[in-house]
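Letters A, B and C mark the chains as written, and numbering starts fresh at 1 in each.
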Amino acid sequence: MDWLMSTPFVQDIVILFKPALYNIYFALVSIPFGFPLAILLALGKNSRNRLIASFSKVYIYAFRGSPLFIQFFMFYSISLACNQSLWKPLGLDGLMLNPLFIGPLVLILNTSAYAAEIFYGALQTIPKGEIEASRALGMTKWQEFRTTTWPNMLRLAWPGYTNEVVFLFHATAIVYFTLPVINDQKDLLNKAGELFEKDYNLFLHFSVAALYFLVISMILFYLLNLVNKYLNRHLKVRSNLKIKPSYIR
Amino acid sequence: MTKKWLLSVALSATLLSGSVLAADTLRIGTEGAYAPYNFVNDDGKLAGFEIDLGNALCKEVDMECEFVKNDWDSIIPNLIAGNYDIIMAGMSITDERKKTIAFSDEYKAVDPSIYAALKDTKVDFEKLDGKSIGVQGSTIQASFLEEKYGKTSTIKSYGKPDQAVADLAAGNVDIMLADGEFVRTVTDGSNGMLVVVGPEEMIGGGIGIGMRQDAEKLKDTLNAGIAAMKADGRLDEIMVKYFKDVKPYKTN
Amino acid sequence: MIELIPDWLGNWLGQDGLDTIKYLTNGKHMAWYSSVKFTLIAAVLGGVLAVFFGLMGAAMKQSKIAPLRWIGNIYTTMVRGIPDVLFLLFFPLALEQLAELVMAYMYCSPEQWSNATGWPVCREAQWLLSTNEYLLMACLSFGIVFGAFAANVIYGAMQAVPKGQLEAAEAFGFTEKQILWRFQIRQMWVYALPGLSNVWLLLLKATSLLSLLQITDIVSWADRLGAPNYLSMAGLVHPDWRWKYYLVLFIFYILLTMISERFFAFLQVRASRGMARSN
């Protein structure tokens, strides 16, 4: 075993394990907040209330229309400019500029816009007949949403949402390109870059970092596919997601 | 896939002719964000102590020179990779760096690193526990802080030195550590908003030109040029333009 | 720049207004504005390469030869599992080393090979990377990454071409290759356009990463312009203004997205001429 542990490849896997946790942290914190926000935005865009609909539309367009890289820079520098006048009096200054907080915050703002567009698309394609049927049964608006709109939307949107979660995980790679690094809190690319600066072994360090991304993406994919199967359990034909580069984000 | 590789090789081959031609000029890598050593002025041009010195030195050793801007954190890897031939970027001569690159003789004597803070902050340097300290990453100051305060204080490292300054001015870090000349430039120009605090830290050696380790001939040439400029006071003249309290190299 | 402003406008703007215009048109700002070219070159050239790699990938995915099909699938899956920024950092350096290896075989003598301690083997096998080379490599990386996305779009679109048309072509005695290029690929564009438009938007946003390759692009200049300056020798002394410049970039990219969407909508209308419509 010793010779195995001492190979550079295995050593790199060990060194990059902790940095990988930072990427996982950023993604795992962002998903549970981004998901409900996305649902709200999708319903908002679909809303008959003009104000809510146009706010949701502008929000989704702005965050989908600009690079996340710029969003990170912009939100950090805006938050920095607010530090003395806003965060300090409120006692939030330790939080609002901490990469472990503002990183997921920007990711949530970003992913909710992308996911909202996916859910909105699903809302548009819910079979009309099912909604008419629930109305004919005399359901209230809430009952109609709970029994018809919601399960259909989720089922239709899930492949797209799965894709978005993988994109979100990949997006965690640029957090530390834009935000300050506190002590030794480094993510995969950050650490791989640092190792590369020491021995210039490009192929080793970047490949191991890539391997981590690949494996974690696959695991995310597998887990989300389980949910997909659950959502489609009533269908005769088994629905299976395929890992392929989906061009829609 | 094979076609893809063929394409990339073909693309590279077409570029080779250009790079061979450029071999006669000495390319100087600098950061362009470290006033007064090197910065980009409002005309959008590189300027500063090292730009003036580099141009004068090139004239002295009779070489064509060209400055290349490169971010600090990749400045040594890109020297090794050959994107430029030497580094003039306020880089201290240290044993750690000597493991990977060679240095010329110093062209600026060692300058202690100093701390800066917002004017009304009280900092007790005996007890820095829990305080946050801003610093530029991959610098001698960063490794110094890591070793001395890494366990007890929060050390925030930034890609660019001016990011550390911005966070200090906004109160996101309590103190900042950097090279003396850099800090004094900031505090002097800040209209009293930022001040120098605490002790001077003697870290690093003098500042020298970094180059690849096999560039022995180049090193001799540049050392001769630096020596000549030190001897007749030309180096001092350039230093006076950018620094206060210059200790002259010319002795008489 | 400032001389071009007529007196009446100058009087109306006042000294402050004129100073602002003067500041916004100084060399540093002009360099910022002109650096938009890097973004556009990377997007357009990267886009062209992405379509090229996409066609190759799609052709491989529907190939009858199994190994080609596997390569096509591995290519698209790999790109799916790894972030684009990693490719962007990795490919240029890897390609540089590959090019230097090729050059070393071409130019270095046997003694140099045996005496070599580091990389590159000899001075002649040194490839200098400056902005132009980096830009080209960035385009290539974008091409490879977004080519995988385009491959999926194109593959899907090729399947969407009505089988009857291809069978008709076969009946007319066209060869298999002719059918692929003259019918399937030519017909495919209409179906591929909406997907390719999405790939283009992804690529456009990815161009913001150019500064990671030491290209002084719009992001890099925005950072230099907004960074606090306390040295009057360097220009106007000002505190941290970066948020203003990033806000401008934020809006700039949204505008680029809007223009792109309009353009693709126009293309779609043109490409759909003569097509049967269901609505």
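The working rule: a residue touches a chain if its C-beta (ideal position, glycine included) is under 8 Å from a C-beta of that chain, and two chains touch if they have at least 3 such contacts.
As the structure is a computational prediction, the values presented were derived from the model and not from experiment.
A.B. asks: Where the centre of all protein Cα atoms falls, which chain's Cα centre is nearest to that point?
C.D. replies: Chain closest to the assembly's C-alpha mean: C.
A.B. asks: Could you tell me which pair, A-C or A-B, is linked by more C-beta pairs in contact?
C.D. replies: Counting C-beta pairs in contact for A-B and A-C gives the edge to A-C.
A.B. asks: Considering only mean CA positions as chain centres, point out the chain farthest from chain C.
C.D. replies: B
A.B. asks: Could you give the separation in Å between the centres of chain B and chain C, each centre being the mean of its C-alpha atoms?
C.D. replies: Computed value for the inter-centroid distance: 32 Å.
A.B. asks: As a quick test, compute the distance in whole Å between the mean CA positions of chain A and chain B.
C.D. replies: 38
A.B. asks: Nearest whole angstrom, what separates the Cα centre of chain A from the Cα centre of chain C?
C.D. replies: Centres of chain A and chain C (C-alpha means) sit 23 Å apart.
A.B. asks: Counting only residues that touch at least 2 other chains, which ones in chain A make the list?
C.D. replies: Where chain A meets two or more other chains at a single residue, that happens at 77, 80-81, 177, 193, 200.
A.B. asks: At least two partner chains per residue is the criterion; list those residues in chain C.
C.D. replies: Residue numbers touching two or more other chains: 93, 119, 223, 240, 242.
A.B. asks: Using the touch rule from the top of the page, what residues of chain B touch 2 or more other chains?
C.D. replies: Those would be 74, 80-81, 163, 166, 170.
A.B. asks: Note which residues of chain B are touching chain A in the complex, please.
C.D. replies: Residue positions touching the partner: 73-74, 76-77, 80-81, 134, 137-138, 150, 154-159, 163, 166-167, 170-172.
A.B. asks: Provide the residue numbers of chain C that touch chain B in the complex, in ascending order.
C.D. replies: Of all residues in chain C, those touching chain B are 26-31, 53, 56, 71, 75, 93, 95-96, 98-99, 102-103, 117-120, 123-124, 126-130, 133, 136, 140, 144, 214, 216, 223-224, 227-237, 239-240, 242.
A.B. asks: Give every residue of chain A touching chain B within the complex, in rising order.
C.D. replies: Going through chain A, the ones touching chain B are 77, 80-81, 83-84, 88, 93, 97, 177, 180-183, 193, 196-197, 200.
A.B. asks: Within their complex, state which residues of chain A touch chain C.
C.D. replies: Residues of chain A touching chain C: 61-62, 64-71, 73-74, 77-78, 80-81, 166, 170-171, 173-174, 177, 189, 193, 200, 202-203, 206, 209-210, 213-214, 217-218, 243-249.
A.B. asks: Give every residue of chain B touching chain C within the complex, in rising order.
C.D. replies: Chain B residues touching chain C: 1, 3-5, 8-9, 11-13, 15-16, 19-20, 22-23, 27, 32-33, 35-36, 39-45, 47-48, 68-71, 74, 78, 80-83, 160, 162-163, 165-166, 169-170, 185-190, 213-214, 242.
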